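Next up, some structures in structure tokens.
In what comes next, chain A is part of two complexes: it sits with chain B in the first one and with chain C in the second one.
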Partner chain A sequence: MHDLYDRLKTRFPLGDWIARRPDLAFVDVPLAQLRSVLLHLRDQEGFTHLVLLTAVDWIETGEFQLTYLLCNRRRACDLGLRARIARDPASMESIHDLWPTAATYQRELREMFGIDFPGSPRLHEDFILEGWREIPPYRRDFDTLAYARETYRERPGRVTRDPAAYMQQQLDPGGH
Partner chain B sequence: MALFTPDRSQYPQTRADGSLDIDLTSGKYLKLWQGPQHPGITGNMAVELTVCGDEVVEGRTHVGYLHRGFEKLMERRTFIQCFPIVCRICVPEPDFNEYCFAAAVEELAGIQVPERADWIRTLILEMGRINSYLMYLGGQAGAFGLGVIGQWTTYARDLMLDRFEELTGGRIYHMFILPGGVRDGLPDGFATRLEETLRELETVMRDVYDTLFCNAVFKTRACGLGVIERDWLDPYGVTGPNARAAGMSKDVRRDQPYLVYPGLDFEPVVATDSDVYARADVRRRDLLVSIDLIRQILARMPHSGPLMAEVPNVLHWKIPLGETYIRGECSRGEYGYYLVTDGSGYPRRVNVRGPSYTHAMALLERMIVNANISDVAALMVSLHTYPPEIER
Partner chain C sequence: MKPELQPRRVTGPDGQEFEVDPLRDYYCEAPPAVHPPAYLKIIEDLFNWARAESIWILGFGTGCGAIEMRPLMTPRFDAYRYGIQWRPTPRQANLFVISGYLSVKTLKRVIRSYEQMQNPKYVVGLGSCTINGGMYWDSYNTIKRLDDYLPVDVYIAGCMPRPESLLHGFMELKRIIRAGQAEGANDYARNFAWYKDNQKRVIHDWDMPDYNW
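And then the complex of A and B:
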């Protein structure tokens, strides 16, 4: 797949190429170039299948990583385009006009990560959560444990153990 | 029988933004909810229908009734603690979650799985595929009111669940494919009993073919219904039998082979009509391919050798910074796991790519327009969607 990188590099300013497997690579793409790269890959390089669109929360640097994974069905290879956007406010250009199915991914990302995709169809309709009032739950700063403790009653008689300590105790009761 | 009305004057006009101008106060249209509690729905989802007479003018899929936040839950669990969670993402065919998660962890951790474990993994995945198809066939027939087929396929599935119970200890969730290998080898006499089950399955499938696929009711209603156009496949992310029924010979097992598939002899099942009947027939024939694959696996798999690779202490297992995507061909299409690690003992991000995500949302909403209400259940089942993998 490295020949693809060489071809892309002549057209777009790309970041490092991370070859995970012979049939899978990831590459960082500047935000301003992302749409052009997606279009070029879809129309010129045969990456017609949008496998997934998802986000990774890098809260330490205040950024979201958006991963657009594309598949070239004919050459049986995948390329993941990674773009970094600011966490607050998080906004990204919509690609629902390139792949209609991207609208679903974008709806989910708005709901779960709070990323806005202006112009994406039905973006503000509830996707999974109804009447959610907390911060978007898939952000790293949303604490599921604290939420569960505040929201749900503890069932009497329930015992919670630290898994590592409990397994250690089971494997080595004497603590040797 | 669905009758499309060529005179569109009484149907809503399309606005400039592509949405429909539906005035519910006009008395022309009616909102109908199919699901989440409805016999003609696949799992815990609902379709909000707007109908004009008995013709659907708009359909919107609603999910979230089964959301448990698996992806988030995994971020605060160690890699081995994620292993018993992932199978819950898909009830009828849970093994792909186990395989994809295990393979992603192994790749990022640099673990080489023993060959014997790969054979057993492939066996389990094919057994799971058969189970999933049997459930589908019963559901597809039931959507047309042919209830007896579901009884037969449930019986056949139960036989296969017996084999799963014998092999893994669990009937539905198996928790057998864990990072590093598999939990155990085949029990004594397992291959013989599995062969008996396969023969019984073939008998059931012959009956299903005669009773369902040669049935005038099924043919009349399923042929020509719910056609997925060839040029929708990429824009709507259509994979698996839904794509193969539209003539696209695409199967991850052959195109990007994993486990021991490169050494197995099979051809993806393809059809061209792309309607409900074609999709059902592709799945029926694919089930027979799986039976053949299981026989090949039983005949060729090694009976000795390690089942687990050396893995670090799972209580303190840290995986270096990295990301990968692992895919497999499940009964519904491409199933994949996108795993990101950050050098800690927990996954940074796990994203599950279930085929239903695209099929039940954008594709179904497109297909359902102009369908007759009586065909909605059949259309939905024909896409073979499982809601938990949409909402994860």
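And then the complex of A and C:
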């Protein structure tokens, strides 16, 4: 896949090439170039399939990292493009005109991370959650545990054990 | 409230215009009622014996545990030999097996389906998730105690329970029904306000009738 990187580099400013497997690599792309890189990969390099679009919350630097994973079916390889956007307010250009399936991913990202994609179809309809009132649950400043504790009543008597120590104790109570 | 539940004027196929108030016209406004036992104990015992031998499971899977239903309804474990069968719609079923973790979104559908089932009806909670949240105990979106929202007759522990434990659970349910102790539907009717209160505490976009019969 490295030949692809060499070809791309002559056209676009790209970050380092991170090869995870012979058929899977990731590369950082400046936000301004993202759309043209996506178009180029789709139309010139045979990456016709958008596998997924997902986000990582880098709360420390105040950014969301978006990963656009593309697949080239003929060469059976995947390439992930990564771009960073500001966290608050989080907004990103929609790519539903390049891949209609992107609209679904963007709906999910809007709901779970609170990232806006202006113009994306049905963006503000409920997707997985219904009647959610808190901040989007995949943002790292959302305290899942505290929310679960106060929303859903617990049944007393639940204990947590260290699996290794517990099995040791069960199988060999004397500790030989 | 969903748009299809709003009162409106509709034009019938014959050109007649008429008012429709779906909440009044399509649903029962009265809350569920307690079903009294038969006039003689021996008759009630006969009914209960018949009920125990006529278990119809609603084909509705909620969590991973739903996968254990397939071996049960096929020749390998063959639950049919015990008079336990699956039905496609709530109106034809009297046993609701909650087969694992229950997200709030699914809970809403579960309540709708449960309320559409005929009395007497039973609920079995399958797997640790229905008992205390299981491995989803810290999830933002799954309930932890099924019996806060629906009356549960039998819990089957395990993550996930094997078909053998399910069969055992069904035998236990039959025993309870025969003993006249499977009072879930009556319990639901008696504590209707408490159940609704719990349900509405987690389902924030309540857009259906209070009672879906």
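FYI, the second predicted complex is superposed on the first by the 155 of 176 C-alpha atoms of A that agree within 3 Å, B and C clash if a C-alpha of one lies under 4 Å from a C-alpha of the other, contacts with A are read in each partner's own complex, and residues count from 1 in each chain.
What we mean here is this: a contact is a pair of C-beta atoms (placed from the backbone, for glycine too) under 8 Å apart; a residue touches a chain by one contact, two chains touch by 3 or more.
In this text, all values refer to a predicted model and were calculated from it rather than measured experimentally.
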Partner chain(s) touched by A:Thr54 [first = chain B, second = chain C, both, neither]: first
Partner chain in contact with A:Arg133 - chain B first, chain C second, else both or neither: second
First, second, both or neither for A:Ala148, with chain B first and chain C second: second
Which superposed partner A:Tyr166 touches (first chain B, second chain C, both, neither): neither
Which of chain B and chain C A:Thr101 touches, first, second, both or neither: first
Contact breadth on chain A, by residue count: chain C or chain B: B
Chain B/chain C common contact set on chain A: 126, 128-130, 137, 142, 144-145
Residues on chain B engaged by chain A in the complex (per definition of touch): 18, 63-64, 67, 69, 71-73, 75-76, 78, 81, 107, 234-237, 239, 250, 255-256, 315-316, 322-325, 327, 334, 336, 338, 340, 348-349, 351, 353, 357-358, 361-363, 366, 391
Residues on chain C engaged by chain A in the complex (per definition of touch): 104-105, 108, 131-133, 137-145, 148, 201-206
Interfacial residue positions of chain A with respect to chain B in the complex: 20-21, 23-24, 26, 48-52, 54-57, 67, 69, 73, 76, 78, 80, 99-101, 103-104, 121, 126-130, 137-138, 140, 142, 144-145, 163-164, 167-168
Partner chain C, residues of chain A touching it in the complex: 126, 128-133, 137, 142, 144-145, 147-148, 151-155, 157-158
